[in-house]
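See structure below.
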Amino acid sequence: MKIQGVMPPIPTPFDPATDEVDYEALRFNVDRWMKTGLAGIVVLGTNGEAGLIDEDESERIVAAARERIPRDRLLVAGTGRESTRGAVAAARRAGKAGADVVLVRTPSFFKGQMTPDAFVRHYMAVADASPVPVLLYNFMAATGVNLLPATVARLAEHPNIIGVKESGGDMAQVADLVSLTPDDFSVLVGAAPTLYASLCLGASGGIVAAACVIPEECVRLYELTGAGRHAEALALQRQITPLARSVTSGFGVPGLKAALNLAGYRTGAPRPPLQPAPAAAIETLRQQLGAFQEVALSS
Amino acid sequence: MKIQGVMPPIPTPFDPATDEVDYEALRFNVDRWMKTGLAGIVVLGTNGEAGLIDEDESERIVAAARERIPRDRLLVAGTGRESTRGAVAAARRAGKAGADVVLVRTPSFFKGQMTPDAFVRHYMAVADASPVPVLLYNFMAATGVNLLPATVARLAEHPNIIGVKESGGDMAQVADLVSLTPDDFSVLVGAAPTLYASLCLGASGGIVAAACVIPEECVRLYELTGAGRHAEALALQRQITPLARSVTSGFGVPGLKAALNLAGYRTGAPRPPLQPAPAAAIETLRQQLGAFQEVALSS
Amino acid sequence: MKIQGVMPPIPTPFDPATDEVDYEALRFNVDRWMKTGLAGIVVLGTNGEAGLIDEDESERIVAAARERIPRDRLLVAGTGRESTRGAVAAARRAGKAGADVVLVRTPSFFKGQMTPDAFVRHYMAVADASPVPVLLYNFMAATGVNLLPATVARLAEHPNIIGVKESGGDMAQVADLVSLTPDDFSVLVGAAPTLYASLCLGASGGIVAAACVIPEECVRLYELTGAGRHAEALALQRQITPLARSVTSGFGVPGLKAALNLAGYRTGAPRPPLQPAPAAAIETLRQQLGAFQEVALSS
Amino acid sequence: MKIQGVMPPIPTPFDPATDEVDYEALRFNVDRWMKTGLAGIVVLGTNGEAGLIDEDESERIVAAARERIPRDRLLVAGTGRESTRGAVAAARRAGKAGADVVLVRTPSFFKGQMTPDAFVRHYMAVADASPVPVLLYNFMAATGVNLLPATVARLAEHPNIIGVKESGGDMAQVADLVSLTPDDFSVLVGAAPTLYASLCLGASGGIVAAACVIPEECVRLYELTGAGRHAEALALQRQITPLARSVTSGFGVPGLKAALNLAGYRTGAPRPPLQPAPAAAIETLRQQLGAFQEVALSS
């Protein structure tokens, strides 16, 4: 089961008045994404504010998304937890609620203890117990720990571990992930600004925040690269990059939510301590989105 | 309410066979600590493996400790969560279960969004809602974010925020915390190797892992400094430092648990992905502890 | 004047007995590199141990290399200094001694003062005074400061600043450098493991240590990418990467010198406090080089 | 030869019009410092902009300072270089020019190669060759490498290595330096905000930028701590800290020069790419200095 293509790590809509999950808005958004060429949907990732959401809510979010995602598209659910038993339980609940794949971020709190062997034990236990296939997830900028390519290679031998999402921008590490793992192992990039370069190096797809906002452009970048149309792919990458930055490192989850609200999705506000994007950020996003609407109109 | 003296951030005992919390062992350990000069007990801190423990377990741990801690000693419970609503709920549950004070670590996952203003909003909301006083908790080496002294000074104005635990070794920051906050605000150091230096600079006490293993020596260091017996305090600090390192940065929570098991406490094993300390670490700990038993005998 | 192709940042040979520069060995090596498809030679870069070499030696090294480099190939000389006046003087001396281009690393000692404006003033002054064109040089892993793409874009307006060598692995930054600078501005990558990815993104060439040891393979990677033969380029990149790592982050300048000595070049030993590569490193290098000789034989 | 007391790492005056060293101003400043209780003078340290000064200038600076420093006070000269041979040559020149002690910063450019063994070889070679005693110098924030206490302990066995200047704020490291070295080995702190804490831990003195501007207050802090008058020492430390920050991490060497100019010393301007402190910084410094003049008047 190789994952190919582009998937958005979707935000979780919260009602600004009550701070509760707005499942209706979630379904509305998923319906809209399902009209595009996206390969699936990722819920409860970093951009889904997973760390701010409790276990019961998590289960309902998976179920709500599943209602609107046809079986020929993937529903991936983030289920990383700091303890192995917590990660096992979360994977089981997500699988039961309808996830096709679980995305399991590295535990990271006890950084000094997170050796390669600790990662191997953790992921092996999760993969043994999970009712659905497991995607590893490395996001060093957020966690402060690095799941090295050599460790990923060890884990790729487990039949229930099917790939890795790598969110770092270091292409040498992406290249190593591709080189050291089997051909049917999915290496997915986690940052849109390096999507084209990662695809050149053999990544099979991406889970990138920009794909929430401009799904068709991200899918097209994937397709152009696959077709060997490198000059066009690179030109499109350059168009995508500024907006891709704004909805990640630039303005964070608040920026992603603001951009989606501008584009007609319904995401409400982030959960505190996160705050809505400030007016200046929204104005920047409006301009960056405007450029894409022109592209859409002219093509 | 100023916190003065030394408290141990106690580990949570897990049954090695079942990975479940061993409440009986917890009570056994607390009983023993209560026979020393410790000012109280901290449960569900970093060394309590708080991040690996679920909400129901957390509540029971607070209640179990409360059973054995007399009212004239403090029970502090770690209740930090990534979301403000989660931190509010955890503080309420801990207060109801018997905690005297809650210790609230900085949220940190969305590092780029964790501005001083975000920290102020988060802690103000928690302090407004908490039924018991709040201790701020800054641990940059683990979280990657820094709660600056100027931000602590803003928060110190809230009547329900009574102090801060600072776990970094930078004494300039500790000195600033003391300088910028009122006299009745508690600045507690979180690392035993800098306990003496922090007390010199005006810290009112410490929450240090070494105090789990050698409580009397840590209390004595506090008392010597308070009495102006600086030469003796410094000599004792030097004795304490090697073991203090081993049970924190050296061998981590597994090292702390191993040292306590050697000393006759009952902590079982850490929760996976943490693993028990390796044999070489245990041997080092045995030697370091041995030195203290001689001290105890000869004094 | 756009720089296209691959250049090696050559090590400076020192006589192991006297610790003096061995100019004869330098000439010998340059002669050999000039028989390959390399676009030129870079002396006194990081791998040239520039920081360990005094001003008089530097001038003689440039002159010695010039003797053996025909005018249709480039001689680039590293002339970065911490002071602006030092960098100006070094550029003038290198130009006089025969360099075609100077490569000017960012000053970095006073990190807090190295603002974008400080970099602009420094480089503008150097570019005004230098008798030959200037290449900017950013190497954050070694210097701890980052010359941002926006700053490079400002500097690209100076007629005597013709390009940048970027040694970081973050492809988003490389992509920005290409996007934000004019088409005739040279973006050169400084690390062989990301050479192919950088070329995909529009870099015009590379100054990479691996090109000292396996010049023809690096040149061929450049040509394959330019010809749109992406699958072959990627396969060659994968072959190159392990050795490329060994002669940079793996074993450092001592590793590069050892690899070159194995390959029949004459580099002597590094200058203390650097030490020759240990035996285990040499054995690894021997194996990695062996793989390439087979490739060479079979092609 | 144990160094006890406080010494200022003095800035090098440059003529703003010509960017040349102003030796007359240097003598003027030294004369003034010699009227205070400072234990000596440090030239060509970090604050002396040593990295921006060439070899001939360095020699003349040492000689000029020596002219005005009586033999019963110390002249310490910074002579760190990246190469061992360069550091040896610089120590010899400084000794010949009149330095009593040389202060040798860690080489740091090839960070990955700067192992404990490399440091030991480097410093042993310098100490063997130097005509005057050697002070080690660790400044991790600027260099990115750390000279560990265990390495310093090895080096302390050399009869010509008499101490270490440690510029980090981590008091655990300062405590280790004191614990692991002989009683006659000098541990000098390099940052005024941690001067009192370091003295509590057994440091024998400090080389701190604040001592350029407010020498008497720094000397008094040293004396109060030595006399066991801890409450007064701590109060004075708090007074000193804000200004001490401004002339180091706050506004850098430009801030130190501006503060000295305000106080009637003659330092000219920093050497480019450093720039004079901006007006707002100067205003802050003026206020901070004003507070001290009141203290001086009232005492």
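The first chain written gets the first letter, and so on, giving A, B, C and D; residue counts start at 1 in each chain.
Keep this in mind: contacts are C-beta pairs under 8 Å (C-beta built on N, C-alpha and C of every residue); 3 or more make two chains touch, one makes a residue touch a chain.
For clarity, every value in this text was computed on a predicted model and none was experimentally measured.
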item: Chains touching both subunit B and subunit D, listed by label; value: none
item: Whole-Å separation of chain centres (CA-atom averages), subunit B against subunit C; value: 50
item: Centroid distance [mean C-alpha coordinates] between subunit C and subunit A, Å; value: 37
item: Sites on subunit D at which at least two other chains make contact; value: none
item: Arrangement of touching chains [line / ring / star / complete / other]; value: ring
item: Chain pairs in mutual contact under the definition given at the outset; value: A-B, A-C, B-D, C-D
item: Partner subunit D, residues of subunit C touching it in the complex; value: 19, 46, 51-54, 82-86, 107, 109-114, 118-119, 121-122, 125, 141-142, 144, 249, 252-254, 271-275
item: Interface residues, subunit B side, partner subunit D - complex; value: 169-173, 175-176, 179, 191, 193-194, 196-197, 200-202, 228, 230, 234, 237-238, 241
